[in-house]
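Same chain, two partners: subunit A is paired with subunit B first, then with subunit C.
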Partner chain A sequence: MTNPFAGGPDRSNINRKSVKQLYDGGTPSLRGTIIKIALLAILDAVTIFVTFILFMRHLWLAVGIAVVAMLIINWLYLRRGGLPAKYLAPGVVLLIAFQIYVLFFSAYTAFTNYGSFHNGDQKLAVSAIRAAGYGVVDGAPQYDVHLVKTEKGSIEFLLTDPVNGKVFVGDSANEKLVEIPACSTAIADIIKNNSTSVSTADCETVSLGDNLADAVSAPGYAAAEQKGLSKAKLNTLAATRLYVDPANHEGQFVKTDDLMVAITYQTELVWDAKNITFTRVTDGVVFKAAEDGYFRAEGKADGEKVSDIGWRVEVGFKNFQTIFTDKNLRAPLLKIISWTFIFAGSSVLTTFIAGLAIALLFNDERMKFKRVYRSLMILPYAFPAFLSAYVWRGLLNTDQGFINNVILGGNHIPWLTEELPARSAILLVNLWLGFPYMFLITTGALQAIPAELTESATIDGATPWQILRQIKLPLLLVSIAPLLISSFAFNFNNFTLIYLLTKGGPMDSATSGYDAGGTDILITFVYKIAFSGGHGQDYGLASAFSILIFIVVATFSLVSFRRTRTLEDVN
Partner chain B sequence: MKIRKSSIAAAVATLAAGAMLAVSTPAIADTPNLLVWVDSARKADFSGPVADWAKANGVTVTLTGKDFGTVRDALKTAVPAGTGPDLLIAAAHDWTGNLAAAGVLRPVTLSAATSSTLASNALQAFLFNGKQYGVPFYTENIALVRNLKKAPKAPTTGAQIKNGELLIGTYGAVGGDPYHFYPVQSSFGAPVFDSTSKGWTSTLGMDGKEGLTFAKYLATKGQAFFGKADFGWDNAICGIKNGTLKYWITGPWAVSSIENGNSKCTAKSVINKDYAVSAIPSFGGQTARQFMGAKGGFITNSPSTDVVNATQLLTYLAGKEAGINYFNLDNFTPANKAALAVASSDPVLGAFAAAGKNAVPMPNIVAMDSVWDKWGKTEAKIVTGKSTNPSADWTAMTTAITALIKG
Partner chain C sequence: MTTATKIVKEKPLKVAKRRQTPLRWFFSTGWRHIVGIGIVLYAIFPILYIVSTSLYPNNSIEGNNTLFAAISFENYVSLFKDTARPFATWYFNTVYIGLVTSIGSVFISALAAYAFSRLRFRGRRGGLLSLILIQMFPSLLGLVAIYGMLIEIGKIFPAFGLDSQLGLIMIYMGGSLGGGTYLMYGFFNTVPKELDEAAKLDGATHTQIFYGIILRLVAPVLAVQMLLSYIGITSDYVLASVVLSKPESLTLAVGLQQFISDPFSRDWSMFTAGAVLSAIPVVALFMYLQRYIVSGLLGGAVKG
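Right, the complex of A and B next:
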C-alpha cells in the first residue's frame, strides 16, 4: 500500500492524475474554503486567547509551544496538497496531549521525589519556609494599626500601643519605627484622665471605649483608608517589616498581616537569596539546599533539616533502587507480586474454563432455548463491574451477608477480612464478572470451527474428549490466545475489583514498613503509595512502580504472543 | 502562483478573523478579591457570613464549593500551579501537617486579643511545628451518654461502671475503633504521640509501659466490659433509650437518633429527662482526654494570595457572630468563646462542650496517617480476646508504626 487513499479493488484503473488530485484534495469549493477558514479562525481565536493567558503568567515555553502548534496547523490546512497530514493532524495533536505527554510526565516523575514533602518547586518551598521563619514574641507590644498617608503620598502605619499609649509611625523606606511624642502624650493623657475626649491639635485620636484610644493621624500624616488600595499594595504593606533595632535585621521587628494589629516578631531564620541559604538566628547554623530537596545544615545529606518543607528534585534511579533494595519493602513486595500473578493467572484460567464449558454446552444442537440461556449468561457482563463489586461486598459481609446467613446457614466465614477467604472471594467474584466475556468469545470461535472436522473425527472413532482436546482446543486457541493474554494484562491491573471489594485488605497489623494487604495486587499497592501512603504521598516511587508494572506486563505479553505464533504454525 | 496568492489571502483572512474572535483577555485584576474554597456540604453555613464581610469591606469574594474528600490534595496541586485559592475554609484541622509540609500554607498570625477569644485547644489543633497555620471555627468531641433512669448520676471513675453496662462507639471486631477508645487509653497516660508546646511530635507516646498497661487492661476487661464488637448502630441507639445499655461513649451525631429513635424503638427521648451527657470518667487514673476535631480556615502560600483581606476574613469567620451562625445553622460548637456561651444555652451542645473541656486535638502531623489502621486492629484483637499475648501484640504494633513513620 503505497498510497492509502488509492486503495480498493479498482486501484489499477485510477490514473496518475486522479491519484495526484486525490492527494492534493482536488479543487476546493468556495463553501468548503469558507468553512475551513471559519473553523481555523475559531481554533486560532482560542489559541490566541490561551496564549495571552500564558503570556500574562510568564510561561514562555508554553507560549512558544502554543504559537508554533498554531502556525503548523494553519500551514497544514491552508496549503494545497498534503491530504494525509490533514487527516492525521487532529489525531496526532490529541495523541500528544493525552497520551505522550502523560506517559512522559509519569516517566519523568519516576526520577523525581515528587510527594507530600516535595510538592512544589524550590521557590514555593522557600516562600513557605520564609513565611514560617519568624515567631511571635510573647509579651512584646502588639500595636493597633491605622493607615496614614505622608505628604509625598506614600502609605505608612500609625501604630498605637494600647498598653502604654506610645504612638509610632512606620518608616517603611528605612524599615524602622519612629515615635510621635505629641501623639504619645495625647494618648497617655486619655488613659490617665479616664477621658473619652478625642483630638488635640497635633494628634487626632479615636476613642475605643474603656479609656483606650488610638491615634489616627499626626502632623504630616493624614488618615488613610484600606479601601481603594490595590492587591499588590496591600501585599507590600503586609510584608513590610519595621525593625525594632534598624541595624539588626536578625532581631525583633513589627509587622502586620491584617492592617489592624501589628505584632512584634523575632526573626528565626534569615534568608540569603544570593547564596540560597537559611541561617538560624539562635545558633547561626547555615542551611543549604541539599541534593534530596531539603534545606539541610551545611547542605550535608545527613544534616538537620531546617523544615519539613522540601521541593521536587530529580533523584536519578533512587526510586528504583528503593524498590529493589529497601528491606521494609522486600517482604511485602514479594508477597504482592506472587499474589498478582496468582490472581491474574487464576482469573484467566477459571473464567476461560467456565466460559468454554458453557459455550460447549450451549453449542450442542440438541439444546433448546439456547438464545434465552445465552442472553442470561451475558447479564453479569452487562452490569457495570463496580456495581457488581459493591453488591458482592454486601453479599459477602461476615455477619449480615446473604452468603453466610442464608446459603451457609448462619456461618461466620470472614470472607473479606481474612487473607485466605478474601483471596478466594476475590477469585470467585472475578469468575462471576469474567466468564460471560470468555463465553462470548469462545462461542464465536467454536461456531467458526467447521462441522466437517468434528464429523470426520467422529467417523474416525474419536471420543468427544479427544475431539475437544485435539481438534477444537488447538483451533480455538489460535484465535483466542491473544484475547487470553490481553485478559491477563487486564487482570494484572484490575484495580477496580480489588479496591472496591477489599481495598487490598486485610492488613496485617504487625507488618513492618509498608502497608501491604493480603489481597493487594501491584496496582492497588502503588495506589496506596501514591495517594494514601503511611508517610504521606510518594508520587515518585509510585511512578517508578508503574514503569516496572508496564515492563512486566509488556514482557509477558510479548513472550506470550511469540508463543501463540507457534500455535499457528501447528495448524 | 495563483494558488500561492489565494493561500496567502486565506492565511491573512484566517489570522485576522482569529484575532478578531479572540476575546480581549481580562486585565489581571488588581482590585482586592478573594477566592475561597469551601467544603461543598458546608457552603451554606458560610455564604451568609462571607457575604456580610464582603459587603462591609468592599471586597469581591468568590466562594467555590469543593468535595471534602479530595480538596486537601487538590490544594496541594493547585497552589504550585498558581491556580489555588486565597483561603481554604471548613477544612479539617488534621490536614495541617500534610498541607504545611507540602509548602502550600502560610502561618496565620492572630493578635493576642483575637487568640484570647478562641478556645485554646481549638487553636492548638492548628498548631504545627510551633506555628499557627489555621484558625478554628467550630469543634466536635465525644462524651459519655447515659440512660437517666438506670444511671441517675454520672460516674466519676471507670470503676463505677460494671460489666455489660458500657459500649464504646460501635467498634468493629476487625478494625477496632481507636478514636472512641482514646479517652480510655489517654486516662492511662499513653498519648498516641508525644507533644510539646509547639504541637504534636512524631514520636510515639503509647509505646512505653503506660501503653502496655492499657493493653493489659483491654485484655482483662475484654468484651464483657467494653461491649460486644459489631454491636451495631441501631442496637446501640435502642440500648441507650431503653436502658439495656447504661452508658455509651459517642458523639453529638448520635443525638438526633437517640431523641427520635429508629424503626426498632420509636419512643421519643428528651435530654436531661431520659438521657444525659457528661464527661468521660477516668479508667486508668489520669484525666480521660478524648480527641477533638476542629474545622477552620487556612491561608494559602501563593504569590497571588491577598494576605491582608484573607487574614481579615479568617478573623471575622472566627468571630462571635459567625460562631453563633454555625450553631444556628448546623448545631456546631463554636470555637469562639463568646459564641459558645450563647450556644451553650442548648442543653445538648452545652453538655458536649462541657464534657470536651479536656479534649486534645487529634494529631495533625503527617505521621498520624500511619497509625489508625494498625492501632485499631491491634485494639480489636485484644478486646475481642483473640490475642494470646496482649503486651507482645501491642509492642509489635508500636514497632511497626515507628518503622512506618521513619519510612
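Right, the complex of A and C next:
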C-alpha cells in the first residue's frame, strides 16, 4: 500500500515537539478545542437539568450519580493526556447503563419472586389487597351516579336511590355520605306522583320516565361533566369509597366502578397497619406476612393465602431449584432443550452444507453469469428477517398456503400446527434464510485459498474429491469456524424466526401449567414465562433461565473460540 | 504467484478454441447452470409470491396462487388509507429509529475500537475480553430488567420511559455496542499502523488521524456495518413489542403483525403490499453494497 504521507518526516516539526506530546496526540487544534468545549457545555446543561428534576423528587442517589458522572466526564475531556479514556467514555457510559446494569439486574431478579403477583413492595400489595377485599351486599341499595362540583371546585358524587328516592352527596375528604333532604323530597315526590321533571330551585332533577328521576345538582353542588377530566382523576373517583358509617371502616361502603351506578359493598378483610395483619371479617382468620411474599393464615409457610397478590422478596435459589427439580417442568424443559440444540445444530449444518455446495458449484472459472446468480441468491439474506417469517407463515398455511396448494398440488400438510411438520418447516425456512450467508462466506474463504496448493496437488495426482476433502475443507474450516460458532450461538437464541413463525406452537396440552409448545426453543419459552405465562408473569423464573442460558452460550463460545484459535496456530 | 495466475488465465482460452458441442457444454458448465437456476428459484419464489399477491386486486384464493395473474395497486392505496393502522407512520418510525441507532452505535463503537486498536493502556486486554463476554448476553435475555428500568425512568422522564422511541433507541445502542466495537476493532487492525505513525510525525493530532485516516480507509466497512446494524434493528420484534404500545409509535416489525392474524383476508393482501414497501430500500441498499458486504463479512470472520 502506498503511503499518502510519503516524503519523509518533517524534521523541524519533530524537534519542536517532545515525545510526550506525540503520545498525548499532538497539539490540539483551535477548532477541535472549540467543538469539544461546545459539546461538553451541552452535555453539562442537560445533566444539570436532569439533576435538578431528580433533586426536586428527592432522589438523592440518582442526583449523586449524575453529578459524579458529570464531573468525571468533564475532567476526562478537559485534562491533557489520558487519550484512551476520551475515546472509550461514550461507549462505556452506554454499556454500563444498558448492558452491565441490565445484566446485574437480571442476575438479581433471578433470586427474587418478581412477577405479576409480586410486582412491588409490601405497601403496594397491601393497598391492592385492600382494594380487592370486599364483596357485594345482597339487597343493599344501588344508586345512580351524577358528578357535581362543590363551591371549592372539587368533584363529588351525587347519588340517587331510584327505589326510595333518597339523594346523597359524597364527601370524599371524610369518606362519608351526606343526605340532601331537599332533593330526597323532590325525587320521592316524582316517584309517588309520576310528575315529570320537577325542578325545584334547590334541586335540579332529570326524568328517566316510569316514575323515575335522578338528581343532577343540589344546593352548593353544581352539575358537572365527566368529559374533560383527566384519566387519573377518573381512576381516583372510581376508587373512592364512601362509608355508610364513617367511624366504621370495616362496615358497608358505596363505590362506583363505571361512574354510572354505585353499589353497596361490605369490607371482607380488615387491615391492621400496626401489627401488619389482615383479619377476615367472616371467620376471624388472621393473615400475617409470610416469608414467600404473601399474607398467609397465621403467617405459616403452607397457610391459606389471603390473595394471589403478594410483594417482591428475595427467595434465594428457589427459582433455580424450580428449574432443576420441578416435576411438572422437567418433561417440557428437557424436550425444549433438546430441540434447541437440534434446531441450532441442524440449522448451522444444513445452511453450511448448502452454502458450501453452492460455492463449489460456482467456483468454476468457465461459468458465466456468476454475478447474476449471486445477486439473486442473496435476496433471502437481504430481505428483512421479520418479514420473511411473516411471509413464510402465509406460504405454509395448511389450507390456502402456496406450498400446499401449488407446489405440493393440493396437499394438506399441517406445516405450522403439528409438531413434526412444524419443526421441519422451521428448519426449511431457516435454510432459506441462512444459506446465502454461508454461500457468501465460503466463496470468500475458497477464493482466499492459494491456487498453488490445488495446482501442486493436481500435479501430484490427487483427485478433485481428495483436493476438496484434504486440502480445501481443512483450510476453509480454519477461517470460517469462528463464524460457524457465532452462527450456532445466534440460532440458539433465534427468537424472531420461531416466535414470528409458530409462536413456539403447536401448544402441548399435556404439559401441566407451563406454556410449552412443540417448536419452543429456550429463549421463546423464557419469553412466555416472563410475558405471557399460564401462571401469570414470572420475571424471577425467567431471569433465572436467562442467566443459565447466558452461562451456557458464553461457555460454549469461549471454549470453541479457544479451540479454533489453537487450530489456527497449528496450521 | 505470477505463474499460478498465468495458468489460470490461459485455461479458458484453450477451452474457447475447442468446439463446443451441447453435450460437452452440459458436462462442463451446463449442469451447473441447471442446478443454479433451481437454487435461484428456491431463493426467490417467496419474494415473487408476495410481490404478486400485493399486486392482485380484491384478494381471493385463486389469485393468490397464480403468480402475477393481475396487476393493480389497490392494496397499496388501501394500506395508506387505513387510519387505525398508520402504515406511513410506522414506516417513518422504523427508518428514524434504525438510522439514529445505527449511525450512533457505529460511531460510538468506532471511537472505542480506535482506542483498543491504536492506543496502549492498562486494562486493554481485560476490556477486550469483557467486551466479548458482554456481547454474548443478548438484550433479549435482559428484557425483564429493561422493562423495569424503563418503567422507573418513565416516572421521572416520560420521554425516555416505556412507550418512548428514545428509550428504545438507547437500549438498542447499549445492546449493539459490545459486538460492534469488537467487529470494528478487527477492521481497524487491518489498517497499517505505519500510516498513522507517519501522520503523527507530520504533526497530525489524534482526532485528525482518527477522522482523516482510519475512518476514511474503513469507510466501506463502516457503511456495511451501518447497513447490517440497521437491518438488525429494524428487524427486531421483541424489544420493540415490549417497549412500544401506542399504535402511532410502533415500528413495522410490530405493526405489520396486525395484518397477518387472519391469513388470506383483505388484510393479508395489505400486509404483502406493506412488506414489499418495507423491503425495497433495504434490499436495494444491500444489492448496491454487495461487494463490500462480502469483504466485510470475511474481514469480521478472519478476526473472529
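In the analysis below, the second predicted complex is superposed on the first by the 372 of 571 C-alpha atoms of A that agree within 3 Å, B and C clash if a C-alpha of one lies under 4 Å from a C-alpha of the other, contacts with A are read in each partner's own complex, and residues count from 1 in each chain.
The rule is simple: a contact is a pair of C-beta atoms (placed from the backbone, for glycine too) under 8 Å apart; a residue touches a chain by one contact, two chains touch by 3 or more.
Because the structure is a prediction, the values reported are computed rather than measured.
*Asks:* Could you tell me if A:V136 is touching subunit B, subunit C, both of them or neither one (first, second, both, neither)?
*Replies:* After superposition on chain A, A:V136 lies in contact with subunit B alone.
*Asks:* A:R57 in the overlay: touching subunit B, subunit C, both, or neither? Say first, second, both or neither.
*Replies:* Both partners.
*Asks:* Under the stated touch criterion, name the partner, subunit B or subunit C, that contacts more residues in subunit A.
*Replies:* Of subunit B and subunit C, the partner in contact with more residues of subunit A is C.
*Asks:* After the superposition on A, what does A:N235 contact: first (subunit B), second (subunit C), both or neither?
*Replies:* Only subunit B is touched by A:N235; subunit C is not.
*Asks:* Would you sort A:D44 into first (subunit B), second (subunit C), both or neither based on which partner it touches?
*Replies:* First partner only, subunit B.
*Asks:* Figure out whether A:T282 sits in contact with subunit B (first) or subunit C (second), or with both, or with neither.
*Replies:* Touch partners of A:T282: none, neither subunit B nor subunit C.
*Asks:* On the A-aligned overlay, A:F531 touches which partner chain: subunit B = first, subunit C = second, or both, or neither?
*Replies:* The answer is both, since A:F531 touches subunit B and subunit C.
*Asks:* For A:T325, select first, second, both or neither according to whether it touches subunit B, subunit C, the two together, or no partner.
*Replies:* It touches nothing on subunit B or subunit C.
*Asks:* Determine, under the contact definition given at the top, whether A:G91 touches first (subunit B), second (subunit C), both, or neither.
*Replies:* A:G91: touches subunit C, not subunit B.
*Asks:* Using the superposition on chain A as set up above, list the residues of subunit A that contact both subunit B and subunit C.
*Replies:* Dual-contact residues (subunit A): 53, 57, 531.
*Asks:* Under the touch definition given earlier, write down the residues of subunit A that touch subunit C in their complex.
*Replies:* 1, 3-6, 9-10, 13-14, 17, 22, 25-29, 32, 50, 53-54, 57, 59, 83-85, 87-88, 90-92, 94-95, 97-103, 105-106, 109, 114, 358, 361-362, 364-369, 373-388, 390-395, 397, 400-402, 405-406, 432, 436-437, 440-441, 443-445, 448, 450-452, 455, 479-480, 482-483, 489, 493, 495-496, 499-500, 523, 526-527, 530-531, 539, 542-543, 546-547, 549-550, 553-554, 557-558, 561, 564-565
*Asks:* Any idea which subunit A residues touch subunit B in the complex?
*Replies:* 33, 37-38, 40-49, 52-53, 56-57, 74, 78-80, 116-117, 119-121, 124-125, 127-129, 131-132, 135-136, 142, 226-227, 229-232, 234-235, 237-239, 257-261, 263, 265, 307-311, 328, 399, 414, 417, 506-507, 509-515, 531-537
*Asks:* Touching subunit A in the complex: which residues of subunit C?
*Replies:* 1, 4-5, 7-8, 11-12, 15, 28-29, 32-33, 35-36, 39-40, 42-44, 46-47, 49-50, 61, 64-65, 108-109, 111-112, 114-115, 119, 121, 124, 127, 132-134, 136-146, 148-149, 156-157, 170-171, 173-175, 177-178, 181, 192, 194-195, 198-208, 210, 231, 234-238, 242, 252-253, 256-257, 260, 263-264, 268, 271-272, 275, 278-279, 282-283, 286-287, 290, 293-295, 297-298, 301-302, 304
*Asks:* Inside the complex, what are the residues of subunit B that reach subunit A?
*Replies:* On the subunit B side, the touching residues are 3, 7, 10-11, 13-15, 17-23, 25, 28-33, 57-58, 73, 76, 79-80, 82, 97-98, 100-109, 111-114, 129-131, 174, 230, 301, 303, 305-309, 311-312, 315, 366-367, 369-370, 373-374, 377-378, 381, 393, 396-397, 399-400, 403-405, 407.
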